[in-house]
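Presented below are the structures under discussion, each in the form of structure tokens.
Look for chain A in each of the two complexes below; its partner is chain B in the first and chain C in the second.
So, the complex of A and B:
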């Protein structure tokens, strides 16, 4: 069953260079209890998509069309007041850099408790709950740590605080926008492990936004690959890793650093991400695509089903 | 807490040096001015011998450093000296002027912050609306007006054309209105602009997004998360402007012949009445040092990261 269903979502930024379609008719679903990953290069619209689910896209961004169905209710039609009761309670969100995601002038405990008090929990109970939550996200010395200020904690600790804070009200969906990008590798692995564990414990669905296929392999059940504001390939993680069908996905996987037998150069994708104020005609990837043919520059490819639970938008998807 | 006390004591010690450096420098500058107080007050027909006698009596013929140490030794005994031009005790002169300055600048400072800070928060959180645009333009205009010019303009409109308010001196509370406006409006504009830009900066912070994502409503985010952080630099600015609470505004007080310390300072400088100038500047220097320390302590109280720095400095 779908917990979240994004349908033909389009987001435009009105800038001086003209309107930029940061997200163009993107559709995907997140099922109950699953971890869905949105992957793509910086600037492909994945973070904007994530923020739009909370209706928090920064100015001058605007959702121009589409639907965001959360448990069947279109979040684009609810009032701002109703959004207050959805954010945090139904959908939680953690951000890339835990250093600036916490308010520097309040203790981490105060910031967790603040959220719990929205539900009219008595103060004492809320503080106890904050300590319990800190135990859940494996912060040692939780009774002391609640009184720490953010700058007294390490990056990994702060991200644990963020995760705990956002899970403290048992949301059904947790959006994690590049949750480990600002952390070093060992801490990365711990945080990913923690997210998987908490998904079981709290029965939360997780939407992970990342540029790193390594993280996708580590954590996701299903994955959506975005390029220049478009979804190009969606499917089960195993199927996509086994049989990447879109040329962009293939190239992204080749660009993944790993130790291979013939220690060759790290592959890169030639060219640059297109300027979204003037996106290429047809398939947005065709200027950089080694397999491009005439039709690619003329018409936008539709999704075709490669196999069950694996969609790809490519004119040459049969490869 | 003990870190804080240690820090304060250290700051007080450096503050004492600052105060003496300021008075010594000021004394040197007064010496560089051509002529002296006796020449300015004495009638041209007074004989040169008599002038020399007066100089002798005031100690003005002694070397500058002797005069300075003479002044200093009296200050340390609590005596600010005697005005050369009026013969009155400097402390008496200051005491007579003090309440007027306090009334004018104190009220002005309170008005500035009570009006400007909430206005800054409201306009910044409604950025790009018409009201915000009007406030920004209005405050640029107010901010760029020289106070003496604004004062004369207000005199002209309210005192001469409309004839509703007294334009000069002190004759009851209605005399307060024009100098108060002249003093408050430009500063209010600058406090407003500081508050607004600080709020705008904080609004761009990631933790504001976190606060919304947590499910807090706009009012709570603005007052609890945004205002609290934006207030840190505003508080520092408030304490930096505190010394003028006592020092008074030289320009505004002179324009309106307000019987405060600023007017006294202005007159003393033009008469080269150095004991009075030294006395007032000495008090302003003390207040500046104290307000700076108070500002730092309060901002440490508001911002735990500054507390950490203070702790680090003491280690």
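So, the complex of A and C:
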């Protein structure tokens, strides 16, 4: 069953250069208990998509069309007041930079308790719960650590606190926007492991935003690949890794450094992400695509089903 | 920084300590004015007019035979009370407007900024003079006038600091956590910009006292026989050649008070955040 279902979402930023379609008719679903990963380069609209789920896109961004169905309710038609009760309570979000994501003037415990008090939990119970949550996110010495200030903790610890803080209110969906980008590799692995464990324990669906296929392989059940504001390929993680169908996905996979293969120079995708104020006609990837044919520059490809549970938007996706 | 470390740093900061001593001295004098002053501040005795400082009248007497020492002692109450009330009023107005302007931005910001700039553009003392003349001379009106002309400095600084803080990731995280705007402003932004506000407040106090005494000097503050320092000073001007002590002692009191608060303000600024320059 779908917990979240994004349908034809379009987000436009009105800038002086004209309107920029940062997200253009993106659709995807997140099922109950699933980890869904949105992958793409910087500026492809993945973070904007994530923020739009909480209706927190910064000015001058606007959601121009589409639906965001969360448990069947369209979040775009909900009042701002109701949105306050959805943020944090129904949908939690953790951010890229754990170093600055906590309020520096309160102890980390106070910050977790703060959220629980919004839910009218008695104070004593809230503190006990904060300590339990710190145990859940594997912070050692939790009874002491609740009294620490953010600057007294390491980056990995702070991300654990952040995750704990967001999970404390038992949201049904947790959005993790590049949760490990600012952390070093060993801590990355621990945090990903933790997210997987917590999904079981708290029965939360997780939407991971990342640019790293390594993280996708590690954690995701299903993947959506975004390019220049468009979803180009969606599917089960095994199917996509086994049979990447969109040329962009193929090239991204090639660009992954692999320890097993001595491949000399790391592969790159030639060219740059297009300026979204003037997106290329037709398929947005065609200027960089080695397989492009005439039709690619003329019409936008529709999703076709490559195999069951694996969609790809490419005119040449059949091969 | 821990409290202990702050305490140690404070002891090492000489300017701050001098300021603190002066400050405590003035507060003690103001609180215990009744027991310190040897005479009443308003009792006149023409037979003892214009006496030079002596053991009976440490600061001498004025043209009505009032003890200048007692008047200066009681005057500290007026200076402190007016200063504190003015600073309380202007900081509440200024900080609130600064937070609102900085946090919401856009049209609200432009309107508040326009009013702030307008206030900045007026010479403060002349503006205060105009307001007091309009409302009539009294201590209450002095408070209103000074607060009206000086809240803008708070707005300016608080607005800039708010703008810097509101783009920090933890504000975005707070929003994603379901916090309301009011909570974000009061629990996330305000505590993070508290140290510049504290410093600004301590620096605003001496200038408020100066403005009060200036208006008193011009006869627009506390009305006689209230022992306003500025008023005493101006009364003494007529006798400056034969009885200079009438003006000198309230003058010294003003200088020491203002100096004390300034030193505390500067010291606090260094202590609370060495990187921060208000």
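Note that the second predicted complex is superposed on the first by the 315 of 319 C-alpha atoms of A that agree within 3 Å, B and C clash if a C-alpha of one lies under 4 Å from a C-alpha of the other, contacts with A are read in each partner's own complex, and residues count from 1 in each chain.
As a working rule, a residue touches a chain if its C-beta (ideal position, glycine included) is under 8 Å from a C-beta of that chain, and two chains touch if they have at least 3 such contacts.
None of these values were measured; they are calculated from a predicted model.
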When chain B and chain C are modelled together on chain A, clash or fit: clash
Chain B versus chain C as contact partner of A:104, first or second or both or neither: both
Partner chain(s) touched by A:203 [first = chain B, second = chain C, both, neither]: neither
Which of chain B and chain C A:299 touches, first, second, both or neither: neither
Touching partner for A:275 - first (chain B), second (chain C), both, neither: neither
Partner chain in contact with A:93 - chain B first, chain C second, else both or neither: both
Which of chain B and chain C A:151 touches, first, second, both or neither: first
Intersection of chain A interface sets (partners chain B, chain C): 54, 56, 84-89, 92-93, 95, 97, 100-105, 114-115, 118, 162, 165-166, 169
Contact set on chain C toward chain A in their complex: 168-170, 172-180, 187-188, 191-192, 194
Chain B residues within the chain A interface of the complex: 205-207, 209-217, 224-225, 228-229, 232, 302-305, 308
For the chain A and chain B complex, residues of the former touching the latter: 54, 56, 81, 84-89, 92-93, 95, 97, 100-105, 111, 114-115, 118, 149, 151-152, 162, 165-166, 169
Of all residues in chain A, those that touch chain C in their complex: 54, 56, 84-89, 92-97, 100-106, 114-115, 118, 162, 165-166, 169, 175
